[in-house]
Structure formats: structure tokens, C-alpha cells
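Below is a structure I'd like to ask you about.
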Amino acid sequence: VDPKRLRDLLDRVSRGETSPEQAIESLATLPFEDIGFAKIDHHRQLRTGAPEIVYGEGKTAEQIARIAERIHLAGNTAIVTRVDREKGEAAIPMLAPQVEPHARYEAKPRFLIVGRAMPKSGRGTIAVVAAGTSDRGVSEEAARTAELLGNEVERIDDVGVAGLQRVLSVRDQLEAAEVVIVVAGMEGALPSVVRGLITRPVIAVPTSVGFGASFGGIAALLAMLNSCAPGVTVVNIDNGFGAGYAAALMNRRREQ
Amino acid sequence: VDPKRLRDLLDRVSRGETSPEQAIESLATLPFEDIGFAKIDHHRQLRTGAPEIVYGEGKTAEQIARIAERIHLAGNTAIVTRVDREKGEAAIPMLAPQVEPHARYEAKPRFLIVGRAMPKSGRGTIAVVAAGTSDRGVSEEAARTAELLGNEVERIDDVGVAGLQRVLSVRDQLEAAEVVIVVAGMEGALPSVVRGLITRPVIAVPTSVGFGASFGGIAALLAMLNSCAPGVTVVNIDNGFGAGYAAALMNRRREQ
Amino acid sequence: VDPKRLRDLLDRVSRGETSPEQAIESLATLPFEDIGFAKIDHHRQLRTGAPEIVYGEGKTAEQIARIAERIHLAGNTAIVTRVDREKGEAAIPMLAPQVEPHARYEAKPRFLIVGRAMPKSGRGTIAVVAAGTSDRGVSEEAARTAELLGNEVERIDDVGVAGLQRVLSVRDQLEAAEVVIVVAGMEGALPSVVRGLITRPVIAVPTSVGFGASFGGIAALLAMLNSCAPGVTVVNIDNGFGAGYAAALMNRRREQ
Amino acid sequence: VDPKRLRDLLDRVSRGETSPEQAIESLATLPFEDIGFAKIDHHRQLRTGAPEIVYGEGKTAEQIARIAERIHLAGNTAIVTRVDREKGEAAIPMLAPQVEPHARYEAKPRFLIVGRAMPKSGRGTIAVVAAGTSDRGVSEEAARTAELLGNEVERIDDVGVAGLQRVLSVRDQLEAAEVVIVVAGMEGALPSVVRGLITRPVIAVPTSVGFGASFGGIAALLAMLNSCAPGVTVVNIDNGFGAGYAAALMNRRREQ
Amino acid sequence: VDPKRLRDLLDRVSRGETSPEQAIESLATLPFEDIGFAKIDHHRQLRTGAPEIVYGEGKTAEQIARIAERIHLAGNTAIVTRVDREKGEAAIPMLAPQVEPHARYEAKPRFLIVGRAMPKSGRGTIAVVAAGTSDRGVSEEAARTAELLGNEVERIDDVGVAGLQRVLSVRDQLEAAEVVIVVAGMEGALPSVVRGLITRPVIAVPTSVGFGASFGGIAALLAMLNSCAPGVTVVNIDNGFGAGYAAALMNRRREQ
Amino acid sequence: VDPKRLRDLLDRVSRGETSPEQAIESLATLPFEDIGFAKIDHHRQLRTGAPEIVYGEGKTAEQIARIAERIHLAGNTAIVTRVDREKGEAAIPMLAPQVEPHARYEAKPRFLIVGRAMPKSGRGTIAVVAAGTSDRGVSEEAARTAELLGNEVERIDDVGVAGLQRVLSVRDQLEAAEVVIVVAGMEGALPSVVRGLITRPVIAVPTSVGFGASFGGIAALLAMLNSCAPGVTVVNIDNGFGAGYAAALMNRRREQ
Amino acid sequence: VDPKRLRDLLDRVSRGETSPEQAIESLATLPFEDIGFAKIDHHRQLRTGAPEIVYGEGKTAEQIARIAERIHLAGNTAIVTRVDREKGEAAIPMLAPQVEPHARYEAKPRFLIVGRAMPKSGRGTIAVVAAGTSDRGVSEEAARTAELLGNEVERIDDVGVAGLQRVLSVRDQLEAAEVVIVVAGMEGALPSVVRGLITRPVIAVPTSVGFGASFGGIAALLAMLNSCAPGVTVVNIDNGFGAGYAAALMNRRREQ
Amino acid sequence: VDPKRLRDLLDRVSRGETSPEQAIESLATLPFEDIGFAKIDHHRQLRTGAPEIVYGEGKTAEQIARIAERIHLAGNTAIVTRVDREKGEAAIPMLAPQVEPHARYEAKPRFLIVGRAMPKSGRGTIAVVAAGTSDRGVSEEAARTAELLGNEVERIDDVGVAGLQRVLSVRDQLEAAEVVIVVAGMEGALPSVVRGLITRPVIAVPTSVGFGASFGGIAALLAMLNSCAPGVTVVNIDNGFGAGYAAALMNRRREQ
């Protein structure tokens, strides 16, 4: 599947250095490690230098520890998302002794991290705007994701559309960013307003903040998908991680 | 049901001017006229001076003509809503000769009107704001309803949140109104933004303008119901008439 | 953004009392206070005399205390909504010593209040009708909001459509109000019936009272949006606060 | 499957009048006629005397004619529902010559009928109430169904909850009925109000009359399912036929 | 509102036995008792002899005790529905001493009852069929409601469509009933199958039994509303009480 | 991607018969033909002998003709689904002269077919049951798909759950089949009933037959997904083709 | 209902060995045992040799024990699904002493099993693929169901579409199976990808793994129903049991 | 609102070149042109060099012509989206004579364009992938938008997940792009698969291609929002324009 690897292999077969049988076996040695309940793709990490992301919800502390450990021992950084405090603190002591010192739990974004953040790189900064104080769990997930992937992040909190001065007062900061992430619940109007004020791409993150007909974030999600301001793209409800990751891709220098 | 009428009746019974049998019959002479397929409430009109509103959708031209005619002959004004041009133009010649000259069809709000608008009264003006040119059918329905009910109306068009200067440029006009109606489709963010800029009550009207995940106006409706700016109340999708009517009630002087 | 303030500033620049640099800085001194996780808009309160409303859900007791404190110290009244008893009672002792005596928790509307209610003013009274005993949490939120914003409130409880005499028996009270708030769950029919009996504007509040196909208040919400009685406007499910606030705006004398 | 028939058969087998083979074949002679694209249950009609009902939507004029013809020739009456005028008028000339004179198309309930209505019987009358003139297509479907099934029907039109006098004025008529069918669109509040006024069972029929958030009758359907007045049962949106049929069952004398 | 009462009153006014003022006051003495948070309609009970039903969800034990007590003291029976065991057992000791001995809590239908069941009457029996053992909470609510309202009830449990013999084996029992209530969750197919086998009216009760795409009973509700067997009417999800009440109305002798 | 092909290639490289460069180019010669707006996978057809299926909706007659032509010229059979009559009859004359004689349009399943059906094979027959006459368009799509893929098909029509004898009378035919496809709209109860009577796997196809709360087939879809009879699997609404194809896979002899 | 049994009975009646009365009684002795709150179909088990499946949710430990006990005593195996650990461990000691030793609780599929698995038979193996580690509860329910019904099962875990090598690396294993069950949450894309790679039928099981707009598995369910790869059939969200059962039916040799 | 403009203005006021009155008036001369039914923001175009986008749906040919004309006369390019052929061809002759030669209608993306595309710039190319031939209307809207905004675009058609070779064969082309737009209907799985193969950001566009439970694109939309491959952001159903615009922003060089 990797063209260079395939060409090398064929060259070796052609030169008689590798038999066809060995070549097939080699191709079958797939670039991931199978630990039974999970298959870990070390190859992708080696290729991109990015941390491996593990979805923590629905996994036990034991499973999380085993997966994160293998990632770390293969020389990579593991970020486990959506880990509540109790599970995170249970998982760390379950790590192998040489891995445990490299692990930490971060409560706000609910991350278990084993290893180091990527070095700062990227074309510019990523701005993360939260409409209300209640949206900050999600915005922090976005901000930390972008930071761990090697980006400068600027956090801007409590910027609601009902007080437009607050939005206007941060316009220059937003325009200066390479990409802007806007996190909002309730009526989800902030991404449209922000996008109308600046020339940068906006990633909108609906949150489940609200009640009644917010339907757990559906109202905000729909508002963002229907934004009259072109250039807004949207991620799943409460998906701060996905927004931070997408912003990191957009902010990436091509040569990386 | 009308306390004064009941007291008068009882007084007359008490004085022997009316027999109990007559009193019962009189109470049974209900204050509406039954024309078979419809019951027309002339009494309400006489009491309030307001035109009688008829929902035109799903009624034939013939039915519309018969109902409007009876209302007019009882001395009131009839407004038939949601009448498309073809049906409206078919209904007018079906009116009685003495009624027809008082009838006209208005294409933008899709009204068939028989009779005169109420004289201008009310505490102040009603501002009707449309987010986009495509929302104007609904905003015109709201504006004409308010005018026919005796209000001064100020129309403001094409004020989208993606171009905030347009909103800011009309703030003083909006603040000067007694009530502000805001009509918007797509993400429905305008009522929140407007309400944050002024101190007047805002009636939000979601429209079915949009596509895909606007779901025929649901996105805008939900956004408006979840407005983070308190003081926004909402009517049904595309219900310009309902908004105009509610605004008229709010703008009404108590002594009316 | 405030035209008067802008004119004063320009006048001072024009008279040489203020340099252009100072003017820009002055405009940049935005009319809100930034306390990190929140931006507090003292200006709006000073201008309107209204209490500042804080959405309490999803905020910690600590955050609530800090925000309410700053509002109070700036000379305003803070109302924090949707605060459950435990959080409310935890937040009060976290207030600064000079602020704490002005704070109180109200269990029925779930409000944490720091400061005084606005003095009574307004054109008339606001009637708050609850369809059932189970709807009273929401109706009390509406009633207290209106009271704290300076309105006379009349509460009417347990008025269901299945016993029409109950509705008819309070008609005169309702007609006497300036605005009527109607709170109902289940099939949400009460606002239509009330609106048909009186000439005042009706704000309908759907509640999540019900089960099965009430879908947490959706049935009542849809019924209210589709009311055949014009002049009914609607707020979000269980949004007693929003209804009380909107009613207060409608009841406000223009000169305020 | 029919106990009496089974006992007779077994008696005949027991007396040697029928061989076991014949008995099995006889049971296999199923009590319906198979005409290829349809299986017609003449047996049910013979047993109950009720017309056979055919769902007309999605069937061609040709199919409708063939099915109705077979029903008639077997000595029964056929009612084909949801037949638009064009299809109905096309189907009649396709009937066999001896059947055609017994066929007629009724436009309001959209029925194609071949044969006679059942003779009047039943415990009492069935009242069919329509909230608005636009609901009359559905209410007529209910009324005609009940009539064809041998019931006295009383039609009451244009009785909306926004004009309570209209409801109150017909209370005695409603109370006098054995069963009351209430047909309403928009917010669907009328069945609750009617049920609160009388002691008879109420069958509620939501209609698709309305716009926007009526969602083609969902709002009315939900309101009716959540009625706070016990004793209301509900049928599908626009299902006048189903309501008429259920009412006929409820009105049926046991000995029938 | 009660015609006889009105006529008597007018007669007395006419004969000078009552002054008009007294008559008005008498009419104003509404036929319910207002105990602040609730308005109790003793009149309806006196008129119909039926117990007064109170919706228990969302009410405190204290409120329930107060309401039930007043109903009992007025000579009627109170049924409070949807009362969980804890609340029910807390409410009984809060009753007045002379009322408490008449109160009992029934766990299966979750009823708090104060007073006696109505004497058995009605045209015939009411059959209550439950599709599965898990549906029995709802079916018991239906059965007990019907019994308390004075009906003979026959319970039939665990009759699923996947084992048709079970349905066929109880057909004669079902046909013998005056009305049949069918309670089912999951795909909700049982009412259609039952209705196809018998000639009695069927009231279908969808339950929230199921998982995934049963969506808390929506799948069963929709199946029942779309039944291809005419004569099925439907109540809200898990609304055993409503079904039992409606069946009681249908089974009522006219002279009651 | 095809292991055998890869091994052959590597063998040839190993023996010097193919250079590494040629091998890479050969792998790059992807097993499909690119005709600009479509990529046609001739390889899959050659491997499996099955016709190539093209989704016809949203494609022009011209596009359909071009794609079908290329498939036929590569020695395979093309089935284009969801082609209405007008488009189908327009596409045939657009085919190349040597292809046109092999093409035909079938109106009931709405197929354009170019080439021959697969020879009959398979373990047994596939039964296709339609609940009503209106469901036959979908059931015919299923039946014809299965036939074209080389299966014996038995069609059984008009078998509704409201007339259980009809279902019982065909039980033996159903049990004799290898797989049973059950097509039903409205309440979608038939697959549960059928599955309860036989021991064969059932594929359920919900149809959009119905009105009101059938919501275009959602009611039937949900009922089928929630079947209490295990062994029922479900396809999309009106997806007769998908059911026929899945049944063909299940009926396939392993050696094929 | 069982034709052979009916013929035997009729033969006996014909030979005078059985009276018609006895025959009727014998037919009434239905092939299930009624234990009050449940009717147990021993007959089906005897006929097919398959375990009897009981839906455990909503049943008490006592009810589960009673039902499972009767099944076991009738010589069959009982599988009770959706039993959480606490209930399962409570039920086992409630079994009769001679039954208890045959009972065990399995935590991963949440099964209470009384008796033995069926002996291995079937045409081939059933592969059960889980997209992620979090989906394994559901995939284990599918795998164990298939095993208990007598099938060889191959489990393949953690095969997500975002790492295609993982899917490609197991293609041969999947192709070798008779039927493939694919379990996936989130976007539910795996069944389409798997089906495109192999020629076997695929049963897709959506899971509730995900957050926000996954809506508890609706996103995955819809994706699977709309699969562009024909031959995918779908079961309810999280319905591992249903998928395992359907796969067992498809894998069954005809002579069984 | 524009800081530079404000500073210049204040400088002129400070130097006495402009009076405060003139300054206020100048600020009030808002940077858009009001043509009655629309407000046109020439300023934004001048500042960014980008064409002005007009939403064409719900506007008359006359309105479109007037708006496009004004944009062109102000020296900018107008793109009107969602214009069907008939309206587009009607609008062009309505343009002023000097504008008409610059106008053209493009049928595939349904654009009316007046003026020239922006000169090519941007960091790299934008790849636009369509899953099926039926998705090409939407993908062409995306591609043309990106081209008109000055980007190199590479179109790749008919790449479905059911034929993975087609996806794998274009991987290098996709990796070479700066941003990748993936357009897909039905189950919407393609963006996840593509994102798993490359390191570039992916913008997913769900289309309404599909039937039944695709619900007009909802299935694809939900699948994309729930993508397990991080770095996918989503736009509204069928919103090719929005995707093209967002991609253009991401591909923009900072200095622009």
C-alpha cells in the first residue's frame, strides 16, 4: 500500500535478495501491532510525528493503560480523550513502571496523556473562542488538542452575540489567527457573526449547553450548518478534540 | 359568558320584562352566525373593532367569498390569509355586488381584504426587519397585518448577521420602535443580535428560507427558541401574520 | 458604539481636550469587565437599571460567586438562574464579606440573587397562569423574574383545559393584566384557550411536564407554536425566566 | 380457525360423512378468493355484514375495479378509500356491466362505493366535530364511513377553541351522542376541551391542516396523545376512515 | 354552565326568590374548591359518580396528601396516578386522621387510592392483553383503572406475535369482551393482529419496552397509529391509565 | 490487492520475466475502466459472474447508456435500477448499435437491463411476500433482482396481518424457501408474524406505503428493526433491490 | 395449526378412537405452558432443538428464575438476554436445586444461561468484526449467541475504517466465513467497506458508541441502512443477539 | 468599525479638518449601498478582492439582475448561486446594456456570474472528490466556487467506498492537494476513508442523493459529523458552494 515500500520490495525480489514468498510475508507484516482487543497503528505515528489519539469512552482503565503503554513504548505520544477523572487516575498506576512517569491526567479537557507534546510549528496561531463560561470544557478540549499537536493557541472566553461589543473588541485578535475555532451552545449564532467580521476560516463547534429545545446541542449544530456566512465548517456536538485536530491540519506547513 | 350581558338579562328577568324561557333562548342565541360550513363570530369584531381573520389555506374560492361576504355585511373588515393569487382573483367576482367594490387582493402578503384598515392608533411604531431579500414575503405579511390592525410600521430589509454594519446602522431605528419583529431563515441568528442591541421586546419569525439541514425552517426556529438574549419570543415558521398580530396587541393602548 | 459617548469623545478631540490616540484607547476600554473566564457587561446595567442575568447551569459555585460579586460591587443586582439548592448554598459563603449579606437563594425559581429587586414600575400587572400544580416550578421562575424586574405579578394556578369552568372563572383577572404568561405541559392547549377569551398578548411557556409522546415538552411547544388564536408568542421549553423577562419588556413604560 | 366450522367438520368426520382427506382439503379451501394481485376475504363480510374496505392509494384504476367487482359479485359492498376523482371516474366504466350500475364516486370523502350502505342500527348517534372549515375533507371521511357502516351521524363544523362559545353552544348535542369524533389540525386542542365538557368517549383525529411547525399534523397528533382529559383515544393523521370505523364498532349493539 | 342549574336560578330570579346580585354571586361560586396550589372539581365527581383522578408525577407527597384529602372529605374517591412507592408511603401518614384509614398504595399500577372503587356496572367485560411480561406494569395500570371505575376486567398476559398460537388460543376470550385493551412494546404489532381476529373495538397502548430504535416506545406508537386493521385507536406511550379510562367510557351504560 | 495476481507478478519479477518498473505499472493498471464521469469495475464482474448494478436515480439517460454500454462490451450484464419509464426508453436508442438489441426496459421493477440473467443456481428458492397490492412495486424489484442473479423466486401477494388466515395458508410455501423476503408498509408487522411461523431467515423490506404518521415508511422501518422475532434483518425503505441482492448472497452455494 | 398433528387427530376421529369433543379439547391444549405472568413455548424448542430466548430487561430476578427453570425442566436450554450482573447473580440462587447447577452468568454478553449450548453444526464459520474496542460488548453478544446456537465463530476486533490496512489485513478471514457480522458505532461505515471487499452476506449491527450527533446509534443505523454496497442487512442498535441469531439461521444446514 | 478609517477620521477631527458633526455623518455613511430590497456590501469586496456571493433561491429574476448589476458597476464580480436555468436566462437580458456582455449562466453549478474569476493564487490545489456520478451537481458547485475564488482545482469522480481500489488509486492525487473536499450521499462514508489515507484536511459535503432512510441527506450528514477519522469538518447538505468557499479560505496565502 505504501508505494516506496512496494518498489523497494520488488527491487529486492528482482535482485534475488528476497524470495516471492518472503515478499508476500513481508507485505502481510502489517504496519500495526495487534494486542488482542486493539490494533495499534504505530506506522502512522512514525510517518507523521503526530500523537496517536485513543477514544477513551467505553473503554476500561485497564484497556486504556494497555493501549497507551504500547504506544509510548513504540516511541510515540498517546492522547486518550473523554476520560473522566476517576478512570484517568485509575489508569496511570496500571502503566508499566518505565511508562508511568511520562503520564499525566488533565481534568479540563479530560485527557490522559503519555509522552510529550509535539514541538511548536505551524503557519500561525489558532484562536479558540468560547461563547459562554459554560462552554469552556469543550473549548479547552479544542485548545489543548491543538497545543499537543504543536500549535500556538490563543484562548478567548465569554464572547456572546447578545453583547456585540465583546465580539467586536476581539476582532483583531481573531483576524490575526491562521484558523479560528468558535465554540457555542444555545442558538449557536457566534460562528456566523465571527466569520462575518474576519477573513480567516472558521471551525464551528456546537455544544450541548442549553435546555429544552436546544435538544442537547442540535439547535446549535443546525444553526452552524446553516450559517449564512460562507467559510464556516462544522464538527460534531461537543467535539472540541475534532475541531482542534482539524485546525492543526489546516495550520500545518506543507513540508511537514 | 359576557358578564354585563348576563346581568342585564337577569335584571330584566327580575323585573318580569323577560321570562326565564326567553332568557335561556337569548343566551342560546350565540354571538356568531352559522353559515353551515363555518361559524362567524361577528360579536368579537364589534367588541374589539378589529378585522376578522380567516385562514385561507385549504378553503375553496367559493368558501372564502361566502365567509368574507358575511363578515363585511355585518359591518366588519375581513382579512383572509394565505390566499394564492389565482384563488384570490377567483374569489372576488364571487362576492355579492354590494361587497365586491370593497374587496382587493394583495399579492405580497397573499391577503384577500374586504373592507378598510383600522384607523392608526397604538403607542408607537412597529419595526419589521427582514434578514434577507428572500424573507420578504413573510416580513410583508407581518407588516401588512400590523398596518391593517391600525399600526405605523417601519420596514427594514436585508440586514444579515454576516454583515454586522448593516445591523448596527439601523440600531436607532429599531430602538425607537415600540416592538420589533425580526424575520430570518437559515441559522436564525438575527433576533439574538438585534435584541442584544436594543431595549425593546423582539418577536422572532423563523422562515423556511434555506436548504438541506435548515429542514424547512426548523434550524431557524430552534435558534430563536434558544436565544441567549432574553426578551425574544417566537412564532411559527413563516407566520408573519401571527407576529404582526401579536405586535399589534403589544402596541395597543389599554383604553382601546 | 454608544452614539452619545462617541459624539462627546469626538467633541473633546475636536476641542483638543483629547488626542486621537487617547480617543482610540478610550473606545477600546470596552464597557465590560474581563475577569478571565467571564466578561461582565456593567454598562448595560447602568444604562437600563435592570439586574444582570447570569445563566447558572454548567457553572461552578466558585464561578457563580465571582461573577455575582463583581456585578454587585459595580452597583448592580445579579440574578443567577438555574442554580440548584446545593450549588446556591455553596456559592453564598464564597462571596466577599461585604457582598454576602446582600445575597439570598430562592428555591422555587432556583435563583441566586445578590442585591435588590427593581422598584415597581410598568404599565400594569403581569398575570402568570399555570395549567397544573406540576408546572409551578416554571411558572414561579416567570413570576419572580417579572417581580425582580419591577413588575406587579398576579399568580393563578391549576387552570386546566379539561375543566373549562376553572378557566372561565379567572377570565376577568386575565383581561385586567397588561400581559399574560401561560405555562402548560402535556398537550399545551391552555394558551390558545386563554387567548381566545381575552384581548391581551399571551406569552406561552411549554413545560416538560408529561410523559411518553410529550417528548420532554415538544408536544406542548408545537401546540403553542401552532396556536389557532393569533397573538400567542412562545419561548423555549421550561423557560419561565425568558417569559418573565419578555413580559417585563412589554410592560415597560417607554420613558424608562 | 372458526370453532363452529371446525366442530361441524369433526362431527362429519366422526360420523364418516367426510373423510380425513376431504376435511383437510376443506380447511385448506381458505375463506378468501385469490385473484392474483389480491386476496379477497368474502368470509369476513358474510359473517359481519360489514362492507369490505379497500385501501385505494397506490392501486391502479384497473386493480380497484377488479377488486371491487369481485366483492360485489360475492354479494357484499365495497368501499375503496383514498381514491382521487380522476382515478375513481376511470375505474367505474371498467367494472363488469352488471356491477357498474351499483357503483358511485363520492368526492368529499374520496370513496368509490359499489353496493349499498348497511341498514341503520347501533346504540345511538355518532357526532363528528370539525375544528375548522379546512378540516372538513377528513371529517367527511369519518362521517361517511360511519354512515355506510349503518350509523346515524351528526356533523358539527367550524368549532375552534379560540372561540369557546362555539364549543359551549354544541355541548348538549355532543353529550347526546354515543361516541364523539373530533377532527382538528394546527394545535389539536379541541378534543381535550370537548372531552372536558362531556361524559362520552372521544376519538381524536389529527389533520395535516396547518403550516410550518405543524409538520404535516405531527403537532396535532402529539397534542391529542398528550391530552390531559382522560378518555381520548387517537387515530393516525388525516385518518377519518379509521375514526369512523372505530366509532362504528363502539356504537355497535352486542347482538350484531 | 349547567343548563338545569341556570334555569332553576332564572326561575328563582323570575319569582323574586333570588335577586340578580345573588344569582350572579351564585354563578360565581364555581363548582370547584380552590386550595391555593390546586383547584378541585368536586362537582364533576358528584355528577358522574366517578373517582377524581390526580396526576401524581411532579407533585410532592404533601401536595398529593392535601389534594386527596379534600376529594375524600367531599365524599368522593381519589386516584393519584404515577406515584412511586416512596412518595406514596410518605403521603398516607400526612392525611387527616379520619381520611388515612381509607387510603392505600398499590405498587403495580403505582396508584395512591383514597376511598372505594365504583360498584361494578357496565355493558360487559374489558379485556386487557399484555404482549410480554415486561409490559405488565402498564397493563396493570389499565386494568386497575377500569376496575376502580366499576368494570369487570379480564387480564391476559404474555401474548406475543412471534408465537401466534398464544394469540389464537385466547381469541374467544377477547371476542367475548366489550372492549379490548392491547398493551405492547417493541414493534407494537399485537393490536393489529388482535383486531384482525375479533369484532370488538381495540384500544392500543404502546409501551417503552425495547431498546435502540424503539426510541422509548415511538416505534410501537407509530406501528399502532398505522395499523392496517381498522378500529384500532391509540393512547400515549405507557398510558395504561388513559386506556383503562377510555375503555370504561365505552363500556358505560347510557343511563349512567 | 488480489493475492493471486500479486503472487504471479512477484514470481514473474523473481524470474526476471517482468521488471520492477513494469510490475508497478501493472499494479497501477487498476481493475476498472475510467470513462470520465464514472469508473466501471469490470474486474468484479469477471470474478463473480454477477451483473454490474448501476444506481439510476440522478443520472441522465445519456450517462446511463454510456455506462451500461461499457459494461456490456466488457462481456458483462448491466442492471440499472430506479429508472423511470421515460428515461429508460430514452436510454435504449442511445446505446451502440451492437449493444441495443441486448437491452430491455422492465417497468414494474423499473430496471434497464443490458444482457442476460445469470443461470439458475443457488441452494433453494427465495420467497418474496408482499403485505398489500400497493407494495408490489417494491416486491417486484426484490423478486426480479433475485431472478437476474440466478435464483428461483416464488412470489406471494396480499398477505396482511389483519387477515391471519392469509398468512397461515402460505406457511408451508414459506418454510420451503431458503430465504424469505417480506415486504410491508403501514405498521410493518408482517415480518415478525412470518418469522414466528417458520424457521428460515427473514429479510424485511419496509415500504413507503401509508400516510400520516407512517412518515414515508419510518413506522414500518422501526417496527421491523424492533421485531420481537429474532432472525429478522432489515434493509432501507423501498429497497427491494437490496433485499433481493442480500437474499441471493445467502442462497449462494459456497463453491460459486 | 401443525398440519401433521391435525391429520393424525382427524384420522383418530375418523377411526372412532377420538371423539369430536376430545379432538377439540386436544387442539385447545396449546403447545405452551402458562405460568401466569408468562406463556412458555416448549413446543418450538422441541421442534427445532434451539434454546429458548428470554428478553431479560424489565423482568425481575424472580420472574427470570421462574421462566428459566420451567424451560430447563422441560428439557431445553434457556438464554436470558440483557441481564445485568446484579440481577443475574440474584436469579441463580432462586432456581430449583436440581436446576441451579446448570445455570451460569456470562458478564460480557450479559446472558444468564441454563443448560448447554447446541452442538456445533452449520455450513461454515460466522465472523464477528468489531470496529472499535468500545463496541466489544455488542460484538460479544453476537458471537456468544451464534456459539450457543451451534456455530463456529471467529472474532476480529478493532478494525476501523480510518486505518484501512487493518481492514485489508483480515479480508481473507472474512471471505472464508459463511456470514459476516459487522459491529460499528460512530459513522457506521465499516459494513459498506467490508461488503465491498468480500462476496459473503454482511449483517450490520449499529452500536450506541459515540456522542453528540451519533444520537445513541442513529447515525450508524442510518449509514448502514443506506449502504451503497448491496447485500448488507441491518438489525436494531446494539442488537448483537439479533445479529447472532440471524447469522445462525443463515448458516443452518437445510436438513436441520 | 474599521480601525484605520476611524483613526484617520479622528486625526482629521483633531486637526480641525472635519467637524464632529461631519465625522458622525461620515461614520453613518455605511460601507454598503441600499437599493431598497437589498443592501450591497461593496466595501467587503474592495477590501478582499473576492466576488460578492448572492443567494439566488427565493429571489426573482428581476431582483437578481438588479443586485448583480450594482455589484458589477461597483467594480466587482457577482456570483449568484442556486439559480435554475430558466431564471438565469431570464435575468441576463434584464441587466443594463453595459453589464450584460459580462454575464453568463453556468448550468452545472447553477451559477449566474457577472464579471471575471479571481486570478489564480493560493498555496496549492484543491481536490474535489465525488463518491458517485449522481453527486456531481454538488461537487461541481464546490469546484467552480473554488475556481472563481482563484484556486487550482482537481476533480475526481465516482470514487465509492464499495470499490476500495478506486479510492486507493487516487490517494497520491489527494495527498498532493492542499485541502480535499469529499462529496458523498447515501451512507456518507467516503470522507472517513479518504481522511484515513491522507494527511490533508478534509471538508465533507453530504448530498441528498439516496432514498428512504437517507432522509434527503441526513444519513450522510450524521455519518460525516461522527467520522472516526479526526480532521474532517462538515458543511450543510448539498452545500457545494460553502465547501468550495471554505477550502478557498484555507488555501489562501496569508498576505492576501
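For reference, chains read A, B, C, D, E, F, G and H in written order, and residue numbers begin at 1 within each chain.
Following the convention adopted for this analysis, a residue touches a chain if its C-beta (ideal position, glycine included) is under 8 Å from a C-beta of that chain, and two chains touch if they have at least 3 such contacts.
Because the structure is a prediction, the values reported are computed rather than measured.
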item: Same-interface partner of D-G, chosen from the options B-E, A-H or B-D, over half of the pairs matching; value: B-E
item: Rounded Å distance between chain G and chain H, as computed from the means of their C-alpha atoms; value: 51
item: Intercentroid distance (Cα basis), chain H paired with chain F, Å; value: 38
item: Chain A and chain D: spacing of chain centres that average the CA atoms, whole Å; value: 59
item: Junction residues of chain D - those touching two or more other chains; value: 1, 3, 55, 132, 163-164, 168, 212-214, 218, 221, 225-226, 228, 236-237
item: Contacting chain pairs - touch in the sense defined above; value: A-B, A-C, A-F, A-G, A-H, B-C, B-D, B-E, B-H, C-D, C-E, C-H, D-E, D-F, D-G, E-F, E-G, F-G, F-H, G-H
item: Interfacial residue positions of chain H with respect to chain G in the complex; value: 131-132, 160-164, 168, 186-189, 192-193, 195-197, 210, 212-215, 218-220, 222-229
item: Chain F partner contacts - residues on chain A that touch it in the complex; value: 3, 6-7, 10-11, 13-14, 16, 19-20, 23-24, 27
item: Residues of chain C touching chain B in the complex; value: 1, 3, 48, 53, 55, 123-124, 168, 172, 178-179, 199-201, 203, 221, 225-228, 230-237, 241-243, 245-246, 248-250, 252, 254
item: Residues of chain G defined as touching chain E within the complex; value: 1, 28, 30-32, 36-39, 41, 44, 55, 57-59, 63, 67, 82, 206, 208, 216-218, 221, 236-239
item: Chain G residues touching chain A - in the complex, by the definition given at the top; value: 132-136, 157-159, 163-166, 168-169, 209, 211-214
